[in-house]
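In order of appearance the chains are A, B, C and D, and numbering begins at 1 in each one.
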């Protein structure tokens, strides 16, 4: 193994990693002003903060991916110079960054060879993380996002890190895999290593972490031990204000939407995974989609968005059959798609404004002069409604991960929605914004929009949806009303454990 | 250890503010570099900087800047147009040889049609058949030059004539400035407007930045590429006409030497060949910079090898300085 | 199966090459050993230029100065061979080529100016350098160098030039591709940021790739000298030809994908087309049209096949 | 090919240049009028010496009886030329020479071309003055030969100074720009010698309103027209006939028919046409052809060598075409 843990020093100190007064500015954006963090042996430390608080930047600094403007880092009590990710790895700090850091044009084994990772150890961890039959000659570019996250993690684990840094690893993972990740991370700590864990999901933090360091606007604002009921306090530290974390009000019992469905999907099939999906989506309704990873939900959304041709079945919009050859057709029919992978939706070098306003110019008849005032107002409204942090708005790639995610949603808010296809829209979005997104989705529905809402976080279903279809093995196996949508029920259905109650 | 030079409180420091201003307006440091080069030229040959010289420099920078516009626009989408040199040449040659046969206006129309035809083929290849633009435009360039060769055999003895309007544009002066600016200024305004304030311009950036995302926003990229390459062909043909008026010697390689410099002007001006980033204002200054360097070297007395090498070194130095100023990548 | 799929493009090119050789034979029944030999010789400078270009394209860059570096190497060797033995002259020339490539790479890394701009500038710098070394064609080639690419070897009909080229490219590229550096080159080209985060020394990798490009260019320059027997300071038409062959050969501009085999086969295809056009006494003006059409057509057809192969139905 | 007449191969390495196009057309026209020639295989493109070697080898493969080439370099092509002659193919180099033993050379004397023009210019200036020296492409054989001739003339006139020396790349636009730059410096000069990029130089003077100085160029249609018509222009055109290509074909056929000349090398010496004397003006006027492409040399035939008519060279069709 390459990580050179010095056996002599392990007895000297318990502190694995200590970073003090770290600051970093990107031009005018002060990502970190005064951040500090300590990790001791056997500890899982949560790094918490709203979108754009500076968590990822902190991780990148600790692991040498970017240089800090100032600050002091000690590793196992010794001052450390971490000039590059390679150096960090040699010092025992191994990160899993927020975005996959695998080489798309190489296969898995070459990716491992690049960092001198032992393939057998890697395979062990991949199996541990629910991917026992991963083929090492699979090209990275062909793999789904969730698998990439697991490969990233297994690779990190295989180099037996002293401190493992996980930046929103679970955001793109389905529930079953999240559990495995938590178990493995816990085991790391129990083996006497340290883990830094970033997530916007309190349930995960509560289940896994011992302590939380909270960042607000680039500054460390406190360190708290995780204990039951600590949630509100952390949120207050994160946001500098109290917010209500309560469940959606009991207005779940809204009148059933009647009349003709906006979208009727019948026996839809699409290669490779979707076999048979049927459901109706009514105006004014938020229909959840629940599925484990790779059950055909990707294909379902892609067919509806015009990105993939169906192999069978029909799609009807307002009673008329629809066949989309291009996303433009779907958009023209009112179907607006927010993909799960934000990299697919964003123009990295372009401004927030352009990213949001792009659909206004899409059609050839809008190639003439831009309607600047109209556009500005619409964009401003979307930014406002989603609370997008626009400090680095000149280029979307400079926004924090969560704010990038919001831009992908904001685009269709600005454009107006009739039918919205949301694929895991709260990926990497912080608590406060999540609490704003659910009502926003509901509000859109209230205004007559129809929303199809896939989520990897089961707890979101009762908060945002009216009903949820459960997909297993490419088929719709269950349709659950929001009132009945307990996590347990959804979970059982997602594993195919209920007998189909008949698809609508 | 990571105790880097404390750079805190950066916002207040004026030097940083200037840096930021330059970053947002990358054409300003480029203009500063241009002025620096002009100063050097004046030191080399005191007295050369005169309205006459300025007029000439601008005159010869215009066709270069126009072809650079083709490169900037196509590069925005991650493409390039290597057929512009031959399209300009063909347009000029066709116009000059057809004028005695059919009169100036139809001749110029046919010349512009050459640009459209090549543009349509390029647009089909890149937008629909998905051929890499570099290969596509290289290929159409070859095809076009072959067609030009075949064409010239039929007009060897018809004589040539240059439409008066082109001679006026190409050789005339108004108040010391070349008449070419009457064509160029509206053209530049149009291109700048197109890139900044039109839906089409925005789509160029979008297609180059992330084609999939553009698709997801409802953009049919083949339409954009088709229109783009036709536009590029038209600009190239127009440049050919202007160049014909300027040089007044229709030749089978008239505008070919402008090809590589047009790419150079675009990239010096801060346009990325990988798409999503580009500036026509930068390309205009880039064209002027190239012309000034050429003048410097034409007047310098040194072996030709040293002259050519120095040309490269100055380009490198200018762009390196520029990148240092603006920190853009 | 997976081998076939991964190398579909290269295999397609091989098939095309065989077909074209057949056509050549059809047009000129006498086309035989000497034809193959001269074909292999003609392909030499293009093959090395293309190999040079391919390496930097894979690392995610492009080198517009390849033809100029070839000119520098050709005149350097031609001048050196007037005063010293052929072997030391060759070694010095190879070192010069590698050094030029390294300078290109280091400048790209240090100045952070995009590859295309730096190498565009260096195109002029090296072109000027070649003229400074030799201001008009001259110098001399060691006789053994000219021998090295003339005729056949082992069996009648196996051109020496082909074997020599295969050996040189294989000796440099095969170990390189298998090495950590080779992997780093592919990784950097595929995604520079991810490569950096995976622990690749991105700057050093790029500089090394450019140095290899310079080395191949040096072989290109030497092959020019071997062909013509004198050093010519004016760069030949190898730049665009190399870029075209690299793309035809299945490498992707932008990096990370492709190899050297496909591009080199593409070189042979382009050369054979040239031969066919001459043998068939096609009007030279039409020749240009045909060459352009074929180049575009092959890529279009390939893209069409790929699309057909990928679309699930 | 003995039974059905000769097939002749042609190799040329510059495309898209009026002079070379005329050379190719002259070859075609001469081949057409030669009764013994039945086929012409032309390799005509932009390439370097290595590329010309490739073309020559392909011509050998094509089984031609003779090769007429415009060599890119005198020394670089020997391997292919020797192989051709070993295969019994007659080799004729036109425009410039080759060093291969046994090859015939029908060459425009480039050194003489430059010497003649330069000497006339220096004499015109009274042996005293500053001249602009506008060359072709650095590092190319023809340019080097011309430079030798120019320097030879210069050595004979110690009072002449070169104020600017520049390479036009044989490109019209480059030459024009460079002349504008020279005029902009305000440094006066008394004469201009050009390596064939000539009519744009006259234009540059006229367009910038600068007083004309004596200009030496080639016999391109455009420049010859200017010498006849531009008020106040003193100048001279030195012939450099592209039709030497036609002569090359004629020579090749003679050799194939067993009528080889005694000497392997035939130099076509250039002639100078100036417009300062009466008879000079008469020659120029007779030579002028306003219909011709301005880049084409007006000397479309070489008496005693070529047999085609003006119509035939303009039609530019070889045997078996059209």
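In this section, contacts are C-beta pairs under 8 Å (C-beta built on N, C-alpha and C of every residue); 3 or more make two chains touch, one makes a residue touch a chain.
As the structure is a computational prediction, the values presented were derived from the model and not from experiment.
Trainee: If you average the CA atoms of chain A and of chain D, how far apart do the two points sit, in angstrom?
Mentor: 72
Trainee: For chain B versus chain C, what separation do you get between their C-alpha means, in angstrom?
Mentor: That pair's centroid distance is 29 Å.
Trainee: Find the geometric centre of each of chain A and chain B from their Cα atoms only, then give the gap between the two centres in Å, rounded to an integer.
Mentor: Between these chains, centre-to-centre, one finds 43 Å.
Trainee: Please tell me the distance, in whole Å, between the geometric centres of chain C and chain D computed from their C-alpha atoms.
Mentor: Going by mean C-alpha positions, chain C sits 34 Å from chain D.
Trainee: Of all the residues in chain A, which ones touch at least 2 other chains?
Mentor: None at all.
Trainee: Return the residues of chain D touching two or more other chains; collapse runs of consecutive numbers into ranges.
Mentor: Residues 15, 138-139 of chain D each touch two or more of the other chains.
Trainee: Note the residues in chain C that touch 2 or more other chains, in rising order.
Mentor: Where chain C meets two or more other chains at a single residue, that happens at 130-131, 135, 233, 283-285, 287-288.
Trainee: Using the definition of touching given at the top, classify the network of chains in this structure as line, ring, star, complete or other.
Mentor: Topology of the interface graph: other, matching no listed pattern.
Trainee: Among the chains present, which pairs are found to touch?
Mentor: Between chains, contact exists in these pairs: A-B, A-C, B-C, B-D, C-D.
Trainee: Residue numbers of chain C touching chain B in their complex, please.
Mentor: 107, 111-114, 116-118, 120-133, 135, 233, 240, 243-244, 247-248, 253-254, 283-293, 295-296, 299-300, 303-304, 307
Trainee: Quick check: in the complex, which residue numbers of chain C touch chain D?
Mentor: 28, 30-31, 34-35, 38, 41-42, 45, 130-131, 134-137, 146, 150, 224, 227-230, 232-234, 236-237, 271, 274-275, 278-279, 281, 283-285, 287-288
Trainee: Spell out the residues on chain C that touch chain A in their complex, using ranges where they run on.
Mentor: Chain C residues touching chain A: 2, 180, 183-184, 186-187, 189-191, 193-201, 256-257, 311-313.
Trainee: Along chain B, where are the residues that touch chain A in the complex?
Mentor: 1-8, 10-11, 20, 23-24, 197-200, 202-203, 205-206, 209-210, 212-220, 223, 227, 276-277
Trainee: Can you tell me which positions in chain A touch chain C when the two form their complex?
Mentor: Its residues touching chain C are 65, 84-86, 89, 95, 97, 100-106, 110-111, 113-115, 137, 271-272, 309, 311.
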